[in-house]
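What follows is a group of structures, each given as structure tokens.
You will see chain A twice below: alongside chain B first, and alongside chain C after that.
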Partner chain A sequence: MAADKVSQADKIASGLTRRQLIEIEACSRCGECLAWCPVYQHDKKEENTARGKLGCLRKMAAEQPGAADQAGLLDGLYACSACGQCHVVCPIRINTPELWEQARLALVSAGLPQPEPQRQQLAQIRQYNNSYGRRQEERGLWAERAWQAGFLLRPVLTWNEQPSEVLYFAGCTASFDQTMQPVAVQSARLLQEAGVRFSILGADEPCCASKLRRMGDSAFPAEAAMRTEMLVRKKVRTIVVSCAGCFKGLHADYRGILPGSIEVLHLTGFLNKLIQEGRLKPKHEVPLAVTYHDPCHLGRHSGIYEEPRRVLGSIPGLRIIEMKRSGPFSACCGMGGGLKLARPELQKKMSAARIREAEATGAEAVVTPCQTCLMGLAAGAVAASSSLPVFHLNEMLIRSVCPDINFDRIAAKLKLPDGPDGKPAA
Partner chain B sequence: MRQMGTLLACAAYAFYAAFIGRLFLHVLLWIRASGQAFASPAYAVRVRPGTAAVAVLDLLMFRRLFSQNKLLWIGSWTFHLSFLLVVLSHLRYFLNPVPACVTRLQPFGLAAGYLLPLSLILLLCLRAAAGKSRYVSVYNYFLLSAGLVISLSGLSLRIFFRPDLAEIKAFILGMLTFMPDALPQSLVFVAHFGLVLLLLPFLPLHMIAAPLVTLDARRREDELRTVMHEK
Partner chain C sequence: MIEAAYYKPWILFWICAVLAHGYMDYSFWKKWKSWKRGVQQTSESSWTFRTARIWLMEVLIQRQLLGLSFSRWMIHMLIFWGFLCLAALSMFLFILSLAQPAGVDAGLRDFFLRGNGHALVKVWGDFFGLCLLSGLIAACARRFIARPHQLLNDQGDRALLIFLLWLVFSGFILEGLRLGRAHPDIARYSFVARFLVPFLASGASDAGQWLTAAWIIHSFSGIGLLVYLPRSKLMHSLLGPVVIALNAAEEPDRKDIYWPRIKYHRPTK
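Take a look at the complex of A and B:
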């Protein structure tokens, strides 16, 4: 049994790269990560902090682990949204998010258990090419139905029908989750309003597979390579992504895989450019005081803080009030890194705390450009018994550009009745 | 006293060996690392001079800490700087003849000798005042406390219990040349020296690893920016 533990510990240590082995020794135990960790705020266990996880990993690497170290590492790693706050506040600048992802891979490779909901979701992505376990043929239906419902200026063509200068990548959530389909519809409409020639991949659009990496699945490099090959084959040059998670996946996780000739942009950056160029004109007044929630994948992980604020700032009548924690110090809503799957109760506490922080600003609504954060914060508002509305950034812009297609109207119109399997009928 | 001197020198060899052995094992582990990253960067971004300069500034000025916790920065930066100056000025006991640069460093070393315990007291107070449960790890607490006791004992040798420096230097040089000399008469010195030895095996390896990580972090961030904005 003891030999098993040592062998597992050895496997975990050997799963880390040289840089990461140096990083686990670089921790000065200053405790800044503890002071900022959004998970630790709600579950005060040392293993939940970067310092605690690094301590367990150090013992693993030195092959002197106790049972408590292994259990602690498992607890800490899976009770982590990989939000990157510990990286931002670490005086040494230890690259913690990458370390946690790699450590998860090492744990799984060493045969240690992974939370069942995470395991199931990873299997679903590998099997169905989306995280919803749906048929790929349904992926592009949002565009067809939105055109039929009169929400779009023109039909959205697929890349196979007409390759364009821009590929709009909606991602799994905006494609399959009916409550979030308005994000894809509004994104498409805004691009059309600005006169951008774009196409979607429709049924060919793959899952970006970044969740495989977030949750430590060894299949990620091969899956990413397959997707890259498809994008290269289709001669895609510019990808505009509305999902913060997919954006981080395609621009950062694919580095070294995606060729430099393919440009990956987040929708907010692209919209900001269109507004600056005068191609998209926010004209109707939106008299609201809002507070902006920085998604971790867009902010801390990708360094995009200004563009979404500039987009909001371009809307007449709209006023931004910053939360106490914003920009690089924005508190995570708990939706990333598979935390919601592993520890749903913790995610609710985190998003409820974020909602209370938003309420304290006196703002009338929270705005975020990430549909996953949108879902998380909406759940947080319920958990905090708050009436503070949570909006996608697209909704604010739509109200100013073409107010006839607001989020709720699209959601109501596109909603399908549930099929016999409990999933919406296609 | 010679026998006692030999005994202390042998203890010192054992503690030095333990420290070097620990360091060697870790370096060996780093060299033998076999883990493959999820994806390897295709962009062989060379380290630009500007990036290198910023990384060195990060390292020397603890800029990340400065941006988020000014008081902690004052404590940490003063501690590290004064620790470095104290260690360098102590070289006069280990080198014969004493190089001119080490001699010139002595006034700074003396000032640092006063600052070192003050910075450690500030760090301990900040930790205690943070009011966050387990904000200070046991290890961190041990390091800070040991550092404080060592620096205070060193300072007391300067102010209250001035030892025979020639005797101390003879002992140190004897130890370094594997010809241990008599144990110095000053018990405070013996306590000071013994405490340093006791701390040696526990010295954090972040002294070596942290500079490597900090320097690499800027290169990595630069690489990410390149991927995002300069395709």
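Take a look at the complex of A and C:
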């Protein structure tokens, strides 16, 4: 069949998997997804629910849809953080987050529009190999500057200088975003405190490219293969990742691409192991009652709920109070799946709602092990006019292991003045 | 003793049944072809005892619904088991009706329709008919009176419930009319339909015609279900088990998905 004769329905259907085409017809219309969807909570439109999206997608893949179906699907699909809550609660077990990501790819491939900020972000990642549009040479500077400022026990070497048993993968946010660089610095310091021999890739550290997958960019498989080839060439065996998004990317999206000989661990799991082995010793009291926010990419998407709680539980004096929506039912802060780019106002409402839920527990702070959630929740606290502090999990551990390098001190010290382009001068 | 015979337009029935079945098969074939447009998935699945256990719990016992709400679970269990067991009975009797003329039914047809097994058929039919009926009435009450926010009352949602109610009502009416002509020893086993007998018998000068009419309505509605099924949300009853199986094979060890305290965490009760 000539390419121009292929109908839009066929184009969309051929962009989905066979299983997904079955899934879109299997919905029982029970509406359970509606009751839990953190987006629907703030924007009560049927197409924001899994049921609504499935209904539109069913029509789009089966026949020439009405204008309302197309508009509804585009609206609903991009007003979704792919948080996976609907998958966990669906009695039919429709694998929704996978479906949403694949559907975005299918729609873009079928020539349907994508929100401009998402398109720009994807282009930036492809062009600069990072989501901040910065020169890659700046990527590893956090490590050099942290060593110079006295936050580290030893200089952090790059893989080219010295390959190690562990590769620490900081990710774009902790590498480039000045407010989040303390996450990378504290991660490195904790690994050093435990005597772990690790290196970073420095300027060679790529963007994990998982955002390409999240937002439906067809370049993802090729980009992932390229990165894998580099990791294999460098003989990397164990990657420790401190970002929940990069972790899901390397751990799940690279499945079938990354060889099984390369182990991908999230920092919290690794820290928990070090604590259990007695290599890392939380010793100072941290007298704080905190509530723990499960990042979607770490919890629901990767099944990691216990390790971060064990790390927190090992800190003397620290007490965890759970939110009603915790573990597999943790409400998304809205930072994932490109939602923040497509619908920033919605993301803010979601973070603010999560902060209010955290406040309701009576906890003195909310803790999360993901720098992206940390950013979202911190903005949510402002939006909710809340004084509840939001901490990265590293900060809690640092206060117990080496309290001299707290988050704010690092942030203040590493802050660079803005350059003429409005970006921090390198 | 079996009820006295009445006229059934078998030829018309068979023509319609074959056409309806053909249409249903064609619809499924079209669906199958449309699914084949998708890319073949390569994912890690493990088909183990654990997968089978999850499937049984999720499909036959519908544990997720039970975790969410006892009343919703009960409603669906009544509909699900009521429907399946009635469908199984119809299928069983149909197979026997084909097997008898071929001489391979080992006397089972006579046993179930004329002999001691008839009581079991009556009790089975009435019991599961009652389950289905009460489940459907409760589902209607939930959908049309309680109206929980999460339910969307689309035409398709309403049509399915009303269609199933029609099917089960017409079945009971047919059974009630039949009992009017049956021996009381047998009639008493139809412990639901026998209460309808006094209403249905009064004023009916020729029960035979009524029986024929009721039979046509019920059996042709059953045929209608074949046509309606591929276009209705009842597709979930066929595809739900497939999707549940695929997911169970992919994520069999995920306790967070399969055995959580879901009700406790639910944002709205």
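Going forward, the second predicted complex is superposed on the first by the 419 of 426 C-alpha atoms of A that agree within 3 Å, B and C clash if a C-alpha of one lies under 4 Å from a C-alpha of the other, contacts with A are read in each partner's own complex, and residues count from 1 in each chain.
The rule is simple: a residue touches a chain if its C-beta (ideal position, glycine included) is under 8 Å from a C-beta of that chain, and two chains touch if they have at least 3 such contacts.
Since the structure is predicted, the reported quantities are computational estimates derived from the model, not experimental observations.
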item	value
Fit or clash between chain C and chain B when superposed on chain A	clash
Which of chain B and chain C A:Ala71 touches, first, second, both or neither	neither
First, second, both or neither for A:Leu416, with chain B first and chain C second	neither
Partner chain(s) touched by A:Asp10 [first = chain B, second = chain C, both, neither]	second
First, second, both or neither for A:Glu263, with chain B first and chain C second	first
Which superposed partner A:Leu105 touches (first chain B, second chain C, both, neither)	first
Touching partner for A:Ala365 - first (chain B), second (chain C), both, neither	neither
Chain B versus chain C as contact partner of A:Lys324, first or second or both or neither	second
Touching partner for A:Tyr305 - first (chain B), second (chain C), both, neither	second
First, second, both or neither for A:Ala252, with chain B first and chain C second	first
Overlap of the chain B and chain C footprints on chain A, listed as residue numbers	13-23, 25-32, 34-35, 46, 51, 61-62, 89, 91-95, 255-256, 303
Of chain B, residues touching chain A in the complex	25-26, 29-31, 33-43, 58, 62, 64-65, 68-69, 72, 76, 127, 130, 132-137, 139-140, 143, 204-206, 208-210, 212-214, 216-218, 220, 223-225, 227-228, 231
Chain A-touching residues of chain C, taken from the complex the two chains share	31, 34-42, 44, 58, 62, 64-65, 68, 148-152, 154, 156-157, 233, 235-236, 239-240, 242-244, 246-248, 250, 254, 256-257, 260, 262, 264-268
Touching residues on chain A, where the partner in the complex is chain C	10, 13-23, 25-32, 34-36, 41, 46, 51, 61-62, 87-89, 91-95, 255-256, 299-300, 303, 305, 324-329, 331
Interfacial residue positions of chain A with respect to chain B in the complex	13-23, 25-32, 34-35, 44, 46, 51, 55, 61-62, 89-95, 98, 101-102, 105-106, 213, 220-221, 224, 251-257, 259-264, 302-303
